[in-house]
Every structure is written in C-alpha cells, then in structure tokens.
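Look for subunit A in each of the two complexes below; its partner is subunit B in the first and subunit C in the second.
Up next, the complex of A and B:
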C-alpha cells in the first residue's frame, strides 16, 4: 500500500495543467497567446524601454507592446505578465534591435539577459538601429500586412546574398567579444518602402555595420563596405557589382570567393597578407561588349579585382582605425598558421592597429548565362 | 545466490552508466573548457588510461567475491571487522551528504533552466519521495530500470548530439598549444566522474559473476568516456570555449539553441526532464546502499526501513549545506568530486593491498 501511496501523493502535487490546483501550474490559453518575434531595446536616464512585435504571420495583425522599466529583465517580465489583452511569450524571439543610444551605453546587459533567461536563445539575431531608436523601427516599420519582424526575417535571409555580409547572432557576438573584445553587428535604419503597393509605408534597410568594442558601440561602417567585410569574414555568398569598363556600365555577379589570410613578416615586423580569388559571371552590359574576346574578359576581371582590392584595403584600414579586429583576422591567421601566430596571440589587440598588410586580388569571369556577345 | 537477488553484471554496468551521466554533464564541459579552452574535448582521451586503471583496481578487489557479497562485505573481509566497519560508517555518513548534494544540484538545475522562482526544497522532496518508492523494491528492479534508462538516454543523447552537429564549428575545437597542467586539470573532472563507479557494487545482494568482467567493465568505461567526449565536443564546438566556460549549464544552453529547420525548437525541457531520471535513479541507488552499509556495520538487517530516515537527512543536509547556488557550485564543482575521487582511489587501493596481505581477498 505504501508503495502506491507515494506515487499518488506525487501525482496530486504535480498537476501542471490546472491553474487553480497544482504546485507549478503554467497555463496560457492558446487564443490569448502571442509569440513575440522582435524585441527592441532602448535606454535612457529613466531605464529601459522595451518594444515588442509579434509579426503578422498567418495573415493576422501584428501586435506591438511598449514597456518601460528599470532593467531589461524587469521590462521583459512585465511584458509577459501584464500584456493585458494577450499573453506575450518571448520564447521564440528571433530578433533583438538595440537602439543606437542603448548600444552606445553597452550591449552587455542585453547579451547577459539572452544568455541568462530560460526563455531566450543565443541564436537570436542582433541588430543596431542606426540613427534611430529601436522603438521607432518596431512601431514604425510596417507595410500593408508586414511588420518589422517580417522585414527582418527577409533581411536576415537575404543578407549574405544581396547585402554583402550576414547577420550576427547573440552567440556570435558573445564569442567575438570574449575572444577578440569586439564584434561587428548589422546596422539597420528606416527608409520609405521600396514596394509600389506599399507606398507611404516604412521599411527596414541595411545600414552598414555597428562596431562594438568592449560592450559599447564605437561607430558604424558604411553599407558600401559590407561586401568587403563579408569577403574577409567569409559570410558573403553572392553579390552584384556595377563596373564602368571603358565607359560601358557593366554588371557582374559574384558567384564564388576564396579569401585566404596568412601571416608574413615585413621588415622584421609581423604582418599579414590577404589573397582573394573571385569568380564572376557577366549579368549585363549597357552597350555591346565583346565578351567572347578573352582580352575583354581579362580586362573586366582586372577592373573588378582592382575595385575589390581597394575596398578590402579600406575595410581593413577602417578596422585598424577603430582599433578592433571585428573582421576576425587574428582567428583566420591562427587557423592558417597556428605555430607562427602563437607568439602574437596575447599581444594581438595592441599589434593589430599598426600592422602592415598586403592585399592581392585576382578575378575571373566564368560565364555570361547563355549569351556570349550581345544580340543587338 | 538465487537469481532473484542482486544485480547481473550487465545491469550493474547499465545502472552505473546512467547514473554517472548526470555528474558528467554537470561537471565536464564547463570545467574542461575553463581549464584548457578549445582542447576541452581531449580531456576524456587524456583521462582514459587512469580511468581504465581505476576500473581495473575495482575489478581486482571484487574478483574473488563470494555469492551475494556486496563491496561493503568485501571491505569488511579485506580490512578486518573493526577497520571495515569504520570505513562503512564513514562511507555511510559521506553518502548521506552526497545524496543531499545530488538532490540539491538536480533541484538547482530545474530552477535555473525551467522553473524560475521556485523552491529547491520542493524538488528535492519530490525526487527523494520518488526514489524512495523505487528503493523499497528489489535491487534487481533498479538494475532493470538502469538497463531501460540506458537505452532511452542513449537514444536521446545520440539524437541531441546529431541535431547539434550542424552548429558545431571546427575552429572552436582546434586545440591551442598550452601548458600540460591545463590538460591534466581538465582530465580530473573526468576521472572524478568515473571514480563514482565504485559506489554501485555497494548495493545489497552483490553482483552475479560473469566471464571477462574486466573486459566488459573497460568497454562500459570506454563508452562513458566516449559520451563525455561527445558532450564536450558538441558544447564547446557550438558555443566556443570562452562562452562555455562562463555559463553555468553550457550543455543545456547548447540544447536550447538547437533548431531543426526552424520547425522543431525548444527541446531542452524534454531533455532536462529525461535527465531527472538519472538523478532519481542515482538517489534510489544510494538510498538502497544505506541499508547495506548499516547491515555491514551492525552485522544484522535493520528492523525498520532505514532509508526513509536517511533520505530525510539527505534533504536536510542538501538544503543546509548549500543555501544558495554559489555555495552549491563550490561544493559540487570542487569539493565533492575531489572527495569521491580520493575515496575511490584510496579505499580500493588500501583494501586491495591489505586484503592481499591478509589473504582475505
């Protein structure tokens, strides 16, 4: 009898489904449940303003909340407990947007909250609102039937292909801050919606990179540099390049890139060399161009390579100017030559800003998509 | 010994394997990542030889056991009645404390990962009650539960490791050259986990003899080390050593990040719940061991069930010794593993040597 008594007593205590009975009841009615997909974090003297968006998945209307509290944890708790008409649930948050002011104050609280709280995941994408508050994007970026969550999902998916470099997650940010002391996050900004049917609405556009050092925002990189950053970090898989070749506007499509870094010595001092080999396809030309001619193709490739070389050099110089290796150069060099890099592992942060480097880029045009020389 | 008493050798191995998974996951990824960084996954490989040595030591001690004789009786026989009883009493007192720590760490894991704002006492009491219900039964039933749980947990673990594979980045696992002391320090938690294996032969009823026990033991030790290697590699590979070393439960946070094509997510609650099985079984084993240690010291069976009283004492010990998570962490990460390792090593070695000298083992 006593062997049955214990399980019965346990069963009485562990009724998780009943809201009025049971020690740990955690019930939300499905009709009231709304899953938050995007959180916006802004900070000012009075504390944290948390804005939340559910997205408009399934054709429903997006629900937006704004909660003000002393800390992010308190604001999130109030969001889940006091969402009033609906029960907000942040367990499936996909994106976190930090307002520029909040990022300048420090992203540590946000990263710690994501790591510490059981509801959130470390693969949540992290963005910085450039020149605006996160709240402005969460509440303002919308279309006919799209909200900021839908736009960010699209941006996240297209980033490596169209916008040059990918989007960092909270885990990647934490890893980079722990190992390099800095990280480059995706910056976004509001812009008028490019879709004709969405005229009058506001969309979210990529706005370069946000350089975080320690845990504070130092500054931004230009959007035009995103492809170069993507090439150096290995996060770009495709991209269009508009060239002016002898007065002819030409469009090349990047179809592959091998970028290798290796440590070298220059004048007895440690340095590094970047070797990029790019593969392009010709997508279009505004005037007749004899692409069947190998010399023309070689000229096009050389022009593209020269442009990319300048961009890569500028990107590395900008990182050196910030004093931050957010391009992951140390990591790439250690992977290429761990023994040679061993003496510089500890001193890297002081060495990097002054290090000499060379950039060599070669390109080749592989195809023109079923059309050799122009029809007309 | 009748077939209804004690464990089969396979059941002993399965029960040991299941119960040691919990301390393995709790101790290993974080401790190894903190000691040696990206090379943390090498820790089980480095510990393989000493772990095999410990296994062989225990097998040598138990090699000439009599029918139905538990390790407690072997210790009495090896060391003599007086010293043997003192050792059993010391072991019993330690196990009351250790059971409390297991209950407390299990409760803390649930509070940190799922039941935010809860009370550890509730979870400790529930786990102790559930383990008590099982401990009133036959030891062979515990063994059968170990076999079933080993299969279930093995499947879940294989699935988790497979699902986490896409998140593993090789550059997070490339070991950086570092001092040998770091690698040795990373191997110590592995050794302390495998050393806990000396507790399970203390169960009453003894273990049935089997051919090639040493070979079978070494295979199971190898399997446990392989599991530890997989867990460490998956955790450090997905999170990086720097991040893993700073988290309290890096393995469960790694699971929290698993997403299968964006369709299946948040599987950590299921995994955490299954892991409760390991704590529950371990506590049930330890409660059963109390009876055997008492019988060895008093030279008779206890007239009343002793383990409910000792279960209550364990809950009290756990709550008093670790009032907060920080004290618990110091105890469970440093003190308890060290004591278990020393106990296993010293007891086994001394008992074997003295027993051989006295020709009683």
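Up next, the complex of A and C:
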C-alpha cells in the first residue's frame, strides 16, 4: 500500500485539475456558469475579435460577450476568466461563425484551436458569415426570444431537409482539408426584417457555400446550387422543388436520390460521368393536374430532371472554376472504381479543373398523397 | 512491533494476562460451589436424602434449568427408595446415577469444580457428593426462548420462511433438518472468558476442504476475549483483514442459505446467543447473491444479479461523479441537461460539494433514526424526512432538486445490496469518493476507484482471493457463477473453495 501511495500523491499534484497549488483551484460553480453556444471569430490587423452568445435555451436571456485579443486562444481564455457577473463556459459551443475577413485570412487557427482545446468539441458546426463580420451576426441576429444560437440550431437541423445540403463540422472540415485540400462550408448572412417575422427582427439566413482551399476562403457558391451540392456530396435527404409546368406552378418533394459517379475516358483523356436518379412526389399544384395521366407525370419528371441536370452541371463547373474538388468527386470516383482511378490520384488537383464530364438525370413521380387519385 | 501492540502502548492498556485454566481448581464440594457462586441469587443449593439414607447436595442455576425437568428426572428417582435403597456409599449412588437410575439424557461425572461450575452455567443441575468430592451433572436446560420466525432481513417469496434463533441447539436442529447427512459435522468450541459462549463449527465431511475447517477451528480457538456477545466479536478475530471495511464472512439468518453454502464447500459457524449463521470464506460475489435467486428462473435471477452489480457502481460513484461534473467537468454533460442544472442551482446558497455532502449526511441521519425507532415511528420519520423535509428544502432553495435526486437515487441503489455489511462498506466509501471528487474531480474518482479495486484484489478470505472469480489465482474460472447459471449446467463447485467433492450434480 505504501508503495502505491507515493505515485498516487505525485499523480495528484500533476492532475490537470490543479492549476495553482491546490487541486481545488480549477473549480467553477455551476450556478455562475453561462454556456456559450455560439462563438463568432473576426480578424483584422489588431488581432482577433471574439464574440460569444449563450442562447436562450436555459430559460433566461441570451448573454453576449465581446473580447479582443492577439490570438483566438488568448481571447477565449480571457472570455472564460472574465470578471463579469457570469463565468463563460465554452465547453458546450455548438457553432463557430467565421467572419468573411477572418475566413479569407485563414481558418487554420480556428480549427487548430477547436482541435487542441480540451473543452471544445470536434462536432462543433462551422459557418462563414457572407459579406459581414461574425460579430454582426452574433450581436445583431435577434428574434422573438431567440438569439443567433437558437437560429443556427434551427438552421443546422433543417439544412439537409430544407436547404439542400448539411452543415460541416470542424472535424469534417479538417478531414476534407487534409484529404482534398478544400472544403465547402455553410455560408450565412444576416436577413433584416424577414417577411415571416415582426418588424425589427434580424434573422440568420443560409447564403450558399463558402469555398475554402488550403485554409483560406476563395469565394462563395450561390444558395440555388445547394441542392446540387447536397446531391453530389450525398448529404441531401429531402427537399422541395418549385417548377413551372405549362404555366402551372407545381411543388415537388424529393423523396429519394441515387447519384452515382464513375470514371470514363473521353478521347483518351480521363473524364467522369454523373448519373442521378431522383424520386419525387407531387406536393401541390396551383391548378388541377391530371396526375393519374402517365404523360403528365413523365412531363413533370422530365422538367424536374432537366432543372437538376443544369444545377449539377453548374455546380461541377463552379468547382472546376475554383480549381478545388470540394464536392468530393475524386473520393466518389475512387470508391466506384479504385483501379481505374489509381493513376489519377496524385495528379487529381491539376486534372480536375479541365476534366470533361457528362451529367445524366432521370426522375420519376411516385405518389401524390392524393388518396382520391393515387399513383400505383 | 505489531499494530495492536503499538496501540496498546499508546492507549496505556494493561498488559495481557494469559487465561487461567482451570479458573476454579480443586475437587468439588458443596461449600466450594457455594463459594464460587457467592452473591449469585439465582444459585440454588439444597440438601437431598437419597433413597438409602445417604445425603447429597443438589445445585442448579435458577432460570437456566427447567423446574419440571429437575423434579422429574433427578429429584424423583433420587428419593425413590426402590432405586437407591440399597446404596451404602456415595460412590455406589453415583455409579447408579451414571448407569441410568436417575433419568436424564445427558449425564456427566465431574471431579473438578471448574467443570461442574461450567455445567451449572450451561443448564445442568449437579448432585454433589462431599465425601466423594465429585458430582453427577444432568442436563435439565429450560427450552424457553424465541420461537422460530420468518427472516426479517432476508425475505423470500418462494423459499423457506424460517430463520435462526438465539438458541444454538435450535439452530443446529434446523440445519440438520435441511441436511440429513451423517457427514454433516458440528464441533463446538467455547469462546469468551466470561461468557463461555458455545460456537459450533459446521462442515460437511468429504465435501468441505479439510484445510478450511482446520483453519476456521484454529482461528476460533485463538479468540481470547471476555465475551462473545455480538457478531463483530467473532468476525473481527476470524477475518483475514479486520481493518478492511468489506465483510469477509457471509452472514445469514436463513438456515436454507446456510446449508446451500455448506453444499458449495464453505464451512459455517453458529454461535449460541446470535440468530445468525456465519460462512467462510466470504468472497465479493457471494454478497450479491440471495437465496431467492435459486428459486427464480435463471434469466430473471441473472438479470437481478446484474442490477445489483450495477447498483454498486451507482451507489458508490453517482454522487461523486455528479460533484466532479458540476465542479470540474461541465463539458461532460449534454448542454440541455447542463442548462437545467444551472437553472436549478441559481438560488441555492451552497456550493455543490457542500450541498451533496449535507444531503448524504442527512440521508444517513434519517436512515439511522429510522432504524433505531420502533417500526411505526421509523416509517413516520422516513416520511417526514424524505418527503416533507426534502421537499421543503427544495422549495426553500436550500438544496437543488437534482442534488436530491442524485442522493436519493444513490441511496436507493444502495438498498439493493442483500448484505447490510457490504451496504455499510459502500456507504463509507461513497463519502471518501465524494471527497476525492471534490478535491480532484474525475481524476480523484479514478484514483479512488483504483485504490478500492487494488484493496479488493489484495483481500483474501481463508486463503481464497476476495475477488474470485473476477481476479486472483482463480480469476476467469467460472465467471458465469457471478450470475445464476441454469442448474443443469452448473455442475461443478467453486474451485477456489478447494472442495474435496468437486461436482454437485449429475
């Protein structure tokens, strides 16, 4: 027993819980804590501006802090060790928003901080503020009893269903940067006085994707391409499509998608083919449509397929334009045909921007939910 | 120098004097017995005339003997001229008594005053012949005592409903009734200089390992104390590591459980005056088994056993983990739960550590009060304590609801322990782990847990590793016995117990 006692006492002195002389020094009482749910990171010549929002989940009002420091780690440390009424606790941070300027300067420091800080979680979602500072979103976004954290929470939940593609976490972003050298993050922007809210509220709206290459922001993709991005990356699970079918506005609901990529050769050069098979259901139409008629359904499906084909083509062209494969095309091709892709793995970055491709889309309308006029 | 010797020196305890045997040397005379029992109002001595005109003294302890038995089995035949009329000498009369002229199942011829005094204190009466300086003693013990009743602690729905009582012979009778085997051996050892308590060592010849019985006998015989009146008087002297909070002898008030353990290869102890049976060796897993397990379906019984093991973790670690998380590791909880905790703590004036410690102390207080009071009052105290005071404390924002839930949950988990000694050990360690958590968070708990595991793995009971079959020499063998295997498959006895007969069924 005595042999054990000495190592145990020594180990106690080395505990991470001991910051000064007593092991009790690192304690913080829960009643003083406020859980930071969203961190905003902005950067300029003078350093980093960290803004933090607690959200209104605890039943109380959201608390917002702003700290300026030389580095992100220093700002976060000062945020936690502040001498304010509450102790900020960053261990429950769910969202990190990077201001556009900060993203252009590089997201490496932020990812590094999240990865290396014990309290931070790797599943923290990463957003880029399009055309604004993160601080503007953190301090400016306000709704009925809602702060930026609550809005981002909602956006994160709805993104794969309503907004076409999901939200990348810090872990996913770091993995994509390590393997592909680029990543597409969710871009968000403040939306003052949205039509659904009361006057004076500012919402957070999805604003396409932010293309990060190396660790810097290259540009943005439009929000309209989000579904195409989602289809190519496999993150879309549902989504609505508004069509104009012979002058009748129609809404289709995507109920299933099967997108396959395969390497092909075109004129002796490597190319790839995209084959997307989509299943839709008719959600509603502004005028009566005879959906029982096969020709009407085929027409609707063809119109939807044509739109999607255009969006997929545009999304791939845009990726080629940026010169980075943030859509994960190489990964998908390697998974589909590892042997054929082996020679191109190393040279993929130079090959991809000028690679030829074909896109084939087929769609089918499966059911209408109209019990009086069912489709088999 | 041994620890006990150092303590003796520190506490200035007078030096040990070896027991004087015999305490009352010399031959037996009525006067000497009177001297021995001077100032004992319950000592009775009367002169009787034996059938042929000889005189003798009849002695007994009033209350220990049955008056009817003395009259019918001793006095009546002694005064019968037909039986003792021809006796001319005391020796002749004594020989006739031993031959059966006086009735009595157990008759002993004593020549030493010490033996006669011991017999008198064990419910015998003595016919003393001064001229012969000897006595003939008859067992006329009164059968008064508590009737066999239902077990109070180890209740059973499907099992037998009898429990041990305070009379050793009744207990041995109950064991014999369960195990009608001449191989069931019972040997008595007298323990206690002043109480002279009979301790029966019980084992099954040809099944129980010989070394175990011999070691148990050696340890019991080694006990040199004034009186054996409580379970601890025996346990602390017989156990391998008396300083450990963990029990090392299995206690039971159920004769069927006692016999079941004898059949597994354990040796037992029954003590006159205690309504309990003790079984050795005690292993950690044994304290989680109840007789009811054998009566239930094996899947149900195994699940219940698993719940008991889970309860150990809950009762031991839950308050400590709660404090560690609340004070040091807030990142471990989901955000919503953390927010609930923060909300609940807003108006509580005490730090989490103080709050939980105070709640645990109050819990112990209530439990102690409930146990010391009569049943009806105990229930009232529990209701007032748990419901009224608890709810009022929460409403008055003295404690947070979540702390009450944690402490109550840990307490309830502790009640699933079938053995109260084990439950007591866990309660004690719960406080120590809580202190470790207060000072060093999860690291403290990890160190505390490691020390407890180390201690448990280093314990032995009668040469058997305490953590068998989880660790030790027999670690990993018969792990399924931790639960309740189907009886048809459970054919072998625990190898760790070293049974001579290793198989229990076909």
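In this text, the second predicted complex is superposed on the first by the 340 of 376 C-alpha atoms of A that agree within 3 Å, B and C clash if a C-alpha of one lies under 4 Å from a C-alpha of the other, contacts with A are read in each partner's own complex, and residues count from 1 in each chain.
One rule holds for everything that comes next: contacts are C-beta pairs under 8 Å (C-beta built on N, C-alpha and C of every residue); 3 or more make two chains touch, one makes a residue touch a chain.
Keep in mind that this is a model prediction, so the values were computed, not measured.
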Once the shared chain is lined up, is A:171 touching subunit B (first), subunit C (second), both, or neither of them? first
In the superposed arrangement, does A:255 touch subunit B (first), subunit C (second), both or neither? neither
Which partner chains sit in contact with A:92 here, subunit B, subunit C, both or neither? Use first/second/both/neither. both
Partner chain(s) touched by A:281 [first = subunit B, second = subunit C, both, neither]: neither
Of the two partner chains, subunit B (first) and subunit C (second), which one does A:338 touch, if any: first, second, both, or neither? first
Could you look at A:71 and tell me whether it touches subunit B, subunit C, both or neither (first, second, both, neither)? neither
With both complexes superposed on chain A, which partner does A:115 reach: first (subunit B), second (subunit C), both or neither? first
Pick one for A:320: touches subunit B only (first), subunit C only (second), both, or neither. neither
Of the partners subunit B and subunit C, which touch A:123 in the superposed model: first, second, both, neither? first
With the touch criterion stated at the top, can you tell me which subunit A residues are shared between the subunit B interface and the subunit C interface? 23-24, 91-92, 118, 121
Going by the contact rule set out above, which residues of subunit B touch subunit A in the complex? 112-116, 118, 122, 126, 129-130, 132-133, 136-137, 171, 174, 176-177, 239-240, 242-243, 246-247, 253, 256-257, 259, 265-266
As the complex stands, subunit C meets subunit A at residues 326-328, 330-331, 335-336, 338-339, 341-343, 345-346, 348, 351-352, 438-441, 443-444, 447, 451, 454
Over in the complex, which subunit A residues touch subunit C? Could you list them? 4, 8, 11-12, 15-18, 23-24, 26-31, 33-35, 37, 57-60, 89, 91-92, 94, 118-119, 121
Can you name the residues of subunit A that touch subunit B in the complex? 2-3, 6-7, 9-10, 13-14, 23-24, 91-92, 115, 118, 121-123, 171, 174-175, 178-179, 331, 334-335, 338-339, 342, 345
